[in-house]
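Okay, got some structures for you below.
Paired with chain B in one complex and with chain C in the other, chain A is shared by the two complexes that follow.
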Partner chain A sequence: MSLLEVDDIHTYYEHSHILQGVSLQAESGRVTALLGRNGVGKTTLIRSVIGFTPPRTGGIRFSGESIERLPSHTIARRGVGLVPQGRRVFPSLTVEENLRLGGLPGRAGRWTLETVYTMFPRLRDRVANYGGQLSGGEQQMVAIGRALMSNPVLLLMDEPSEGLAPLIVRELERTMCALKETGLAIVLVEQNLPLALAVADTAYIISKGRVVFHGDPQTIRTDDEVRTKYLGI
Partner chain B sequence: MGLQFYVQNALGGLAYGSLLFLIASGLTLIFGLMRIINLAQTAFYLLGAYVGLTLVAHGTNFWLASVAGGAVTMVLGLAVYSAFLHRYHADHLTSLLLTLGFALILDDGVLAVWGGDPRSIAPPPGLAGSIHIGTLVFPEYWLAVIAISFTIAAVLFFALQRTMLGVMIRASVDDEEMARGLGVDVNRAFFVVFAAGAFIAGLGGLLGGPITSAYPGLDGEITPLAFAVVIVGGMGSLTGALVGSLLIGLVNAFGKAMFPELSYFTIFVPVALIMAFRPQGLFGRKL
Partner chain C sequence: MSVGRRWIVAAAAGFVVALLLPRLGVPTFYVSLLTQTWIFAIVAMSLDLLVGFTGLVNFSQAALFGVGAYAVAIGATRFHVTAFVPVMALGIVCAMVTAAIFGLVALRSEGVGFIIITIALNEIVWGLAYQWVSVSGGDNGITGIVRPHVGPFDVSENTGYYYVCLLSFAICLVLLLVLVRSPFGLVLKGVRETPRRMRALGYNVWLYRYLAMTISGGFAGVAGVLFAWYNQFVGPVALSLDQSTQILIIVILGGIGTLYGQVFGALVVVFLSNELSAVTQRWEMVLGVIYFAVVMYAPGGLVVLVPRLWNRLLGRRTPVTAEES
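Then we have the complex of A and B:
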């Protein structure tokens, strides 16, 4: 049994049928990459898992329990951390308040303000700055730190490298590898293919709301046909 | 127009503005958090005034009666919130009509229970006099109302800026969905803010009584001013509510004194200017 099991879900925005029967698994200590062109439904899948846009049919099991009908805050408290697309750092909260809010579920574990600052020393100099006053890279650190503060067992990361300078992306890669080492399960949506393939243990490609490829990331690296057909590169 | 004219109107304006803050603070937070435009907020004020004056008439201490007025209003407000309103957060039109309907019911209820005659309310004993400095006269009760409102403002600021509940509320105002995704039970924050807003408005009823007195229709007179405060200050901003209240209070007082025939018009000059040049309000976030 996998930590996260998404089973044939169909998710809609009003009348648009976005996810048309998606299934996927994610395991502890592994990075599961979710790839695909713009607008194919990657974010919608993340939103389905965290409960923002619950699937209309199909099931989502987390640690063996069905979560597809639970409210988002309950799903988060059970150990699902979210680093959303666009980071969504709260502008009216300071860096420290953003992090403390992330710690609200009160789950014990290795992540505390102190360990987050150790991982992202730059945030220590910014504790009293408001979310809106940070650079893109700093906001990403806050978004990751904020998700870690709840000591999740599953971390959903939606395009964490978006808008970051190459040097920061390298840092991000190291961070993800370090997190994987701690036994965390990571579901990673990425447009940055080299980054995704560097950290992923397994990969899914989504096209038009369906999974069209599932397998070893190496295959995507070597198989030109898969790349051109589903990723457009 | 001597110095006393300015002092009198400045103090009167600040006192009236302080009362507006007790109404507008809830209005702006409830809107900022739940997107509910609560047209019943001034009816809460009026209900608090009537409950309070009835208790005072039966010998209850003035301050205790104010708190009781707030408590009764809060319970009633929460009942309506839990039974109807909480389902229509994002639905502006429905929630607007609901609160309007509730305000009308409250108005009629007040009229049925307390009758249509205006009730004047005496300041509590010990604060009925005035302080004289040279030739200037300062009514003690006005000073007391200003002090109380600023104390309540300070408590609200502390709760919002320094407590975890405040962090949750600010986060939910910024991005409700993301707050949920981090484990915040946003509905609980809604409940608390609605309760606090109703309580403070109801508490203000008796406190403001010696200044506004109480009569059916008073709420309808205050509503445009309270909304002017929220527009000038910026929706969702407590700082905006405080600054806006004092500003509107002062403009109202001086407008009435200097251009009595234009009194309503003077209020809406700042509103129109803000809408034209800074639609998000002085302290609101960009729209």
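Then we have the complex of A and C:
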């Protein structure tokens, strides 16, 4: 049994049928990459798991329990962390306040303010700065740190490299590998193919709301046909 | 001096001045206007907890204020509950229970929907006060409320009662400042910023909004109780929609999300409405122009403007704080 099991979900926005029967699994200590062009439903899949747009049919099991009908805050409390697209740091709260909000009573563990600062030393110098005053890279650190503070078992990351300088993307890659080492399961939605392939243990390609490829990231790297057909590169 | 430190000094100085004012030969009329100022500052702070810290624009605050006031009146005239502590407790509990019921109804919605529902709730309570004559006295209201003794102190005359309101204000301000700086307050700020983010972080946004509304109702109740004793009379005007609007205007004038700024907002609204109404019937127009000017030129509220003018008076440049930039 996998940590996260998405089983044939159909998710709609009003009348638009976005996810048309998607199934996937994610395991502890592994990065599962979701790839695909813009608008194929990758973010919708993330939103279905966290409960923002629950699937109309199909099931989502997390640690063996159905979560597809639970409210978002309950899903989060069970150990699903989210690093949202665009980072969404609270602009008028300080770095430390942002991180504190991530911590939940009853979810203590490896991650505390101190361990987050150890992982992202730069944030220690910025504790009193407001979220809105940070660079994109620093905001990303806050967004990841904030999600880690609740000591999640599964981390959903939606395009974490978006808008970041190449050097910062390298740092992000190291961060994700370090997180994987801790046993965390990561579901990574990413447009940056080299980054995704470098960290992923398994990859899914989604096209028009369906999974069209599932397998070893190495295959995507070597198979030109898969790349051109589904990723447009 | 750091900005925070300067505020503490200013607040302490302001409190001392406020304590001394009645002893400095200020005419009784102005002492009573200042008493009103403290009362309205309390109810404005209670609304600021929702508008400024939780992101809920609540138009039913006057109803909660009024429930506190009517609790005093009905308690005193029918059940002979007149001592300070029981009456204050009764007013707070009634207002909190009302707020808790309002929360159940209004928080099913957010944004504009929430505003409309709170307007309707305020109208319902006003309607009860206006038409349920056997209980509320209808438009005639309830007279015969007597100010209580506070411990050994007789506060029935205006100066004594001024101190009751000033100290109540100071206690409410401190309690609210502690609340908004607590982990609970931090969650409220997160809810104000982005409710969805907070859900993804594992917070039950509805519950936090509901608690904030209920707590805010308690503070509105304190102000209502003080108001009933102040006037020694309660009528439906105390909980009209106009009253709700005026409380919101105080918050916007004073400075949203500042709490202590409400002193300035209340000062301006109470003094202008009393002074101008003696001069012209169109005093609300003048108030409107001032309101407009503050929103245009000092959108942070008078709490931002006052130190700026003070510094200009002393020929200093205003340091730009992080929140402004």
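Note that in this section the second predicted complex is superposed on the first by the 231 of 233 C-alpha atoms of A that agree within 3 Å, B and C clash if a C-alpha of one lies under 4 Å from a C-alpha of the other, contacts with A are read in each partner's own complex, and residues count from 1 in each chain.
The rule is short, and it goes like this: a contact is a pair of C-beta atoms (placed from the backbone, for glycine too) under 8 Å apart; a residue touches a chain by one contact, two chains touch by 3 or more.
Remember, predicted model here, so these are calculated numbers, not experimental data.
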> Clash or fit: how do chain B and chain C relate after the overlay on chain A?
Replying inline: clash
> Which of the two partners, first being chain B and second being chain C, lies in contact with A:Ser72: first, second, both, or neither?
Replying inline: both
>> Just to be sure I read the superposition right, which of the two partners does A:Tyr130 touch: chain B = first, chain C = second, or both, or neither?
In response: second
>> Quick one: is A:Tyr12 in contact with chain B, with chain C, with both, or with neither? Answer first, second, both or neither.
In response: neither
>> On the A-aligned overlay, A:Pro84 touches which partner chain: chain B = first, chain C = second, or both, or neither?
In response: both
> For chain A, which residues belong to both interfaces, chain B and chain C?
Replying inline: 50-52, 71-73, 76-77, 82, 84, 88, 90-93, 97, 100-102, 104, 146-147, 150
> Across the complex, what residues on chain B touch chain A?
Replying inline: 164, 167-168, 170-171, 173-175, 177-186, 285
>> Using the touch definition from the top, list the residues of chain C that touch chain A in their complex.
In response: 183, 186-187, 189-190, 193-194, 196-205, 322-323
>> Going by the contact rule set out above, which residues of chain A touch chain C in the complex?
In response: 50-52, 71-74, 76-77, 82, 84, 88, 90-93, 97, 100-102, 104, 107, 130, 133, 146-147, 150
>> Can you tell me which positions in chain A touch chain B when the two form their complex?
In response: 50-52, 71-73, 76-77, 82, 84, 88, 90-93, 97-98, 100-102, 104-105, 131, 146-147, 150
